[in-house]
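Per-chain residue numbering starts at 1, and chain names A, B, C and D are given in the order in which the chains are listed.
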Amino acid sequence: MSRMPLPLDRHIKPKLVGYDPTRPRPGVERLAYTLFFGSLWALVVVAYGLVPALFRSQGWLDGALGFFFYAVIEALLAFGIAAVVALILIVVLRKYLGKVQERVGPMHYGPAGVLQTVFDALKLLGKEDFAPANVDPLIFRLAPAITFVSAFLMLVAVPVAGGWVMADLNVGLLFIVAASTLGAYGVVLGGLAQGGKWGMLGAFRAGAQLVSYEVPLALALLAVGVYSGSLRLSDIVEHQQGLWHVVPMFIPFLVYLVASIAELKSTPFDLPEAESELIGGFNTEYSGMSFAFFFLAEFVELFLLPALVVVLFFGGWHGPLFGLDPASFAAQALQSFYFLVKTAVWVWIFMWIRATLPRFRDDQLMDLAWKGLLPLALFGLILAAFLRMFVEVV
Amino acid sequence: MSLRFKTREEFDEVVYAVHPEDYRPLLEQLKGEGFDYPRNLTGMDLEYGLRVVVHLTRLADGAKVTVYTDVPYDAPELPSITDLWPGFEWFEREAYDLVGVRFRGHPDLRRILTEDHWTIHPLQKRYDTGGYELPGWQPKPWPEVADWEEAPEGDEGGEA
Amino acid sequence: MGLLGSEARPQNIIVGTLDDVINLARSRSLWPLTFGIACCAIEMMAAWTPKVDADRLGMFFRNSPRQADLMIISGTVNKKIASRVKRLYEQLAEPKWVVSMGACANQGGPFRQGYSVVEGVDKIVPVDVYVPGCPPRPEALLQGLLLLRDKIADRKLRYQQPRVALTDYDVFAEPGKDGRVPVL
Amino acid sequence: MRGPTQILPTDRADEMLINMGPQHPATHGVLKVVIGLEGERVTRAVPHIGFLHRNHEKIEEARTYPQIITYTDRMDYVSGLQNELPFILAVEDLLGVEVPDRAKYLRVIFFELYRLASHLVWLGTGMLDFGAITPFLYTFRDRERILEIVEKTAGARMLPNYFTFGGVRRDVHPDFFKDVADFLDFFEKRLPDYYALVLDSPVFQARAVGVGVLPKERAIARGASGPVLRASGVAYDVRKAEPYDAYPEIEFEVPVREEGDVYARFWVRFKEMEESIKIIRQAIEKTPKVGPYKGKVPARMKVKGSRYRAVEISRGHLGAHVVGDGTDRPYRIKHRSPSFANLQLIPDLLVGARFADAIAILSSLDPVFGEVDR
């Protein structure tokens, strides 16, 4: 008994939970959501609008040194956007799940619980980053980084407003496919490198699932590329000036929606993680910051895949401009606002699906990919080609 | 050879007290009579030996029977009835684990509730609640049943 | 240990402040391990459901011990599972805490004198908070978790976490040979 | 040998052995199953139990009869109150105690309330295994209302120790019948939600129909009981086969389904919830408004003789074999628990299924380890 410290805590009176679940605080929560959205929008305006405009107006981009600094600053801002998006989405998802499930979600730390994710991140920073004895150390450490970087890479090609894009690639669609495929590597390698059986099962499932759903996903993207006549994402958005792609490209839209939920590894396609079957699947043995990177990548993707839905099918940044000159700064800021609002709606739909459905079985998943989505995607591709010909003839 | 057993009525069921050598033949006969549902199998320590009690029922009309037999401490062996009612597989393992009755012909007679390396059968009366041997515990004399046509003495639920 | 030690309180004021911040974060983000043993596990689950909802205090279950901070021993620990409980505790990533929930985990509960029951989980793992009750109500568990939160974060308390179990209990001991006083 | 049981390495090159449990979210407690996997297909399944063995039967020999009721509560802790009944009925038989009518009906009401509570816990945790989180929160919210009603009368939530020899321990709270009626109205409105989230969900149907089929003969031979048996087409319900308390005077149906798959086991439990609502409504109507709630019981209970009684708890046929030697403590008590018998089906059902199906089958068997290991 002597090894126990003296009970110094006898004087502590635990603060009773002074919260009445029957009296929610919608005002505070609404304010918090507004702040979340506003801060994200501000960051986007700074990263996509102000910094490039500043560099261009001063002519710093001509020199090599100036371009180097520009690239570094942009990369940091992109990382900032990814981090802020993840921090916001984690707490929003938890609060939304709470709302669906008739509870309240995190609400005690910070007004309406907005600081919860900050505390989580700080805690994971201070947590032991443990590697079991039989891991492959290099790949074990590399896998979370690969997953996060691939999610982060996709952000570069997404246009948020007319002319506001970090890298306006002429092969933007292919770049997106390539970057999202890279993410599968991180998951598979992470599962295999940890030397545990649950991780291995998770890696097998992840490999099968992500590779299978890459195919219909790429075909759906290709259909959009064929229809709009360009692989550049900003051209695709411009092409939706009159009619959003969701109307003529409805079949590729459905294929993309299902395949992107599978890419996201969220229910009903969360087999690689499958918390109730495989403990944590590919991330079973990860702790501390390595785990945080997987977590972060998941939520960056939860932002980017809905953002691509908006870019490809829902008119991207298009919206009423109230007579503003489309090339002006104010108009571009307004366009980025439209883009973010549409993305937020789609993020909500993705969360809704996640909160409602049970999980598929692995063979049903494969059936859906190869027997259902692939023929549908091919049909969509042919349809897109016919529509393109029709548009060009008329 | 006729089976050596005694029957009596208790509440709503027929109770068979049976000689251990005729335990399995009697149960085979009952199985033939349509008692298809295994209700329960209890192993218990009577301080002169071990007893196995089998409760069966017939799903068709709800008739119930109870069969019990006693085996001595030095040879606690009975034939297994898992092939008649596979549902008794774990019940026999439990009776072996906790009371110490060994069932011949059981497909997988291992300990089930306690650890494999334990040596005691904790529900025997020679152990106290904590699993320690009671000091000065002595087994009682075996109540001889000379003629199975007479009621066996002192088998009414065990003696204190 | 993680980035910053939690037991040693350094003299350096900057590191000390950072330590406090990390401790604050740790106390506000306690993720328990999904490990229910017995009756108390149902009440433990009930503490995460709409009526009580411990998720609003930033706690949610992780299934892998590597990602959990906290282990709630919710039920009777018997001799067969004792070695597993000990191993799970060792698998938790540092820093880690243990909440003993219910009478059985505290000292054996109604089954205390039995041959197969470990008389309190503190014999095999160090325990930070004991929650009494059989089973404790979800609110009682929540109060225990709040106590743990305040223990971790309170600067004045200088809470020294127990690092070793109370006894070097032999988790494989057979009844009759485990050195307890016989019950007669 | 000291230490945990060693699992020998498999002798097949294409088989992988994994230890599922005792800490695994889908084992509903502390079951351990050694599963051999060939890809995603289960090639062998060896269950190991006993991780919650709490020497119920030994420690009850050292307790007096009224003390033992407290212990029986802790067997199937999800449907706590129901476990007291077989032991109490057996002792009442041996003592020849008469139970007054009011107590009989009160017992039925509480019994069925706990069946609802238990099936709600099963539904929530079972859907967690299927990957859906939301039903878990909904079912526990409804269960809280039941526990609040029980708490008002019995004083405790989960394990109230309320039944006693000759009746119930105290009379019900004045609001009791109104509370129960209110809850039933509320719960009837909730049931369509559960149907929509679970039974009618196409994803769930794809996972459950035709999975883990248990043939009728095998179910009977293995001694399966409760919804597992009735989903295989056997209409065996202890409430009908050997009626106890006020069940003979109450009209209800035993839901039976022939398929024997996971979907059938879910369906049977859903229908049982509906039947429970009917039973409680009838029992509230028929309960005598006044009258004793407890019969006459000898002050010094000297129980002699041997008796086996069974009741139908949420998981099936729970029996108590009480052997008394004429003192105030039992000579031997054996609890026959339904999940113990049902779990013997694990090798039958799991081998050949896919791994995700194995989880689904385990959740449809609905074991509670307090009663499996005792």
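The working rule: a residue touches a chain if its C-beta (ideal position, glycine included) is under 8 Å from a C-beta of that chain, and two chains touch if they have at least 3 such contacts.
All values derive from a computational prediction rather than experimental measurement.
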**Item:** From chain D, the most remote chain by mean C-alpha position
**Value:** A
**Item:** For chain C paired with chain D, centre-to-centre distance based on mean C-alpha positions, whole Å
**Value:** 29
**Complete:** Per the C-alpha means, the centres of chain B and chain C lie apart by a whole-Å value of 43
**Complete:** CA centroids of chain A and chain C: separation to the nearest Å works out as 35
**Complete:** Residues in chain D with touches to at least two other chains are numbered 2-3, 24-25, 50, 53, 55, 58-59, 62, 137, 141
**Complete:** Note: chain A residues in touch with at least two other chains are 101-103, 275-276, 279
**Item:** In chain B, residues with contacts to at least two other chains
**Value:** 113-115, 117, 122, 129
**Message:** Based on which chains touch which, is the overall arrangement a line, ring, star, complete graph, or other?
**Reply:** other
**Complete:** Chain-chain contacts, ordered by label, are A-C, A-D, B-C, B-D, C-D
**Request:** Would you mind writing out the residues of chain A in touch with chain D in their complex?
**Result:** 97, 100-103, 197-198, 201, 267-268, 270-271, 274-277, 279, 355-364
**Request:** Spell out the part of chain C that touches chain D in their complex, as residue ranges.
**Result:** 33-39, 41-43, 45-46, 49-51, 63, 65, 75-76, 78, 80-81, 83-84, 88, 104, 110-111, 113-117, 134-135, 137, 172, 183
**Complete:** In the complex, the residues of chain D that touch chain C are 2-4, 22-25, 29-30, 50-56, 58-59, 62, 70-71, 74, 77-78, 80, 121, 125, 136-137, 140-141, 143-144, 157-159, 369-370
**chain B-facing residues of chain D, complex** = 1-3, 5, 49-50, 53, 55, 57-59, 61-62, 93, 220-224, 234, 236, 241-242, 304-308, 310, 317, 319, 321, 323-327, 331-332, 334, 336, 340-341, 343-344, 373-374
**Prompt:** What does chain D use to touch chain A in their complex?
**Reply:** 16, 18, 24-26, 37, 40, 127-134, 137-138, 141, 197, 201, 203-204, 206-207, 354-357, 359
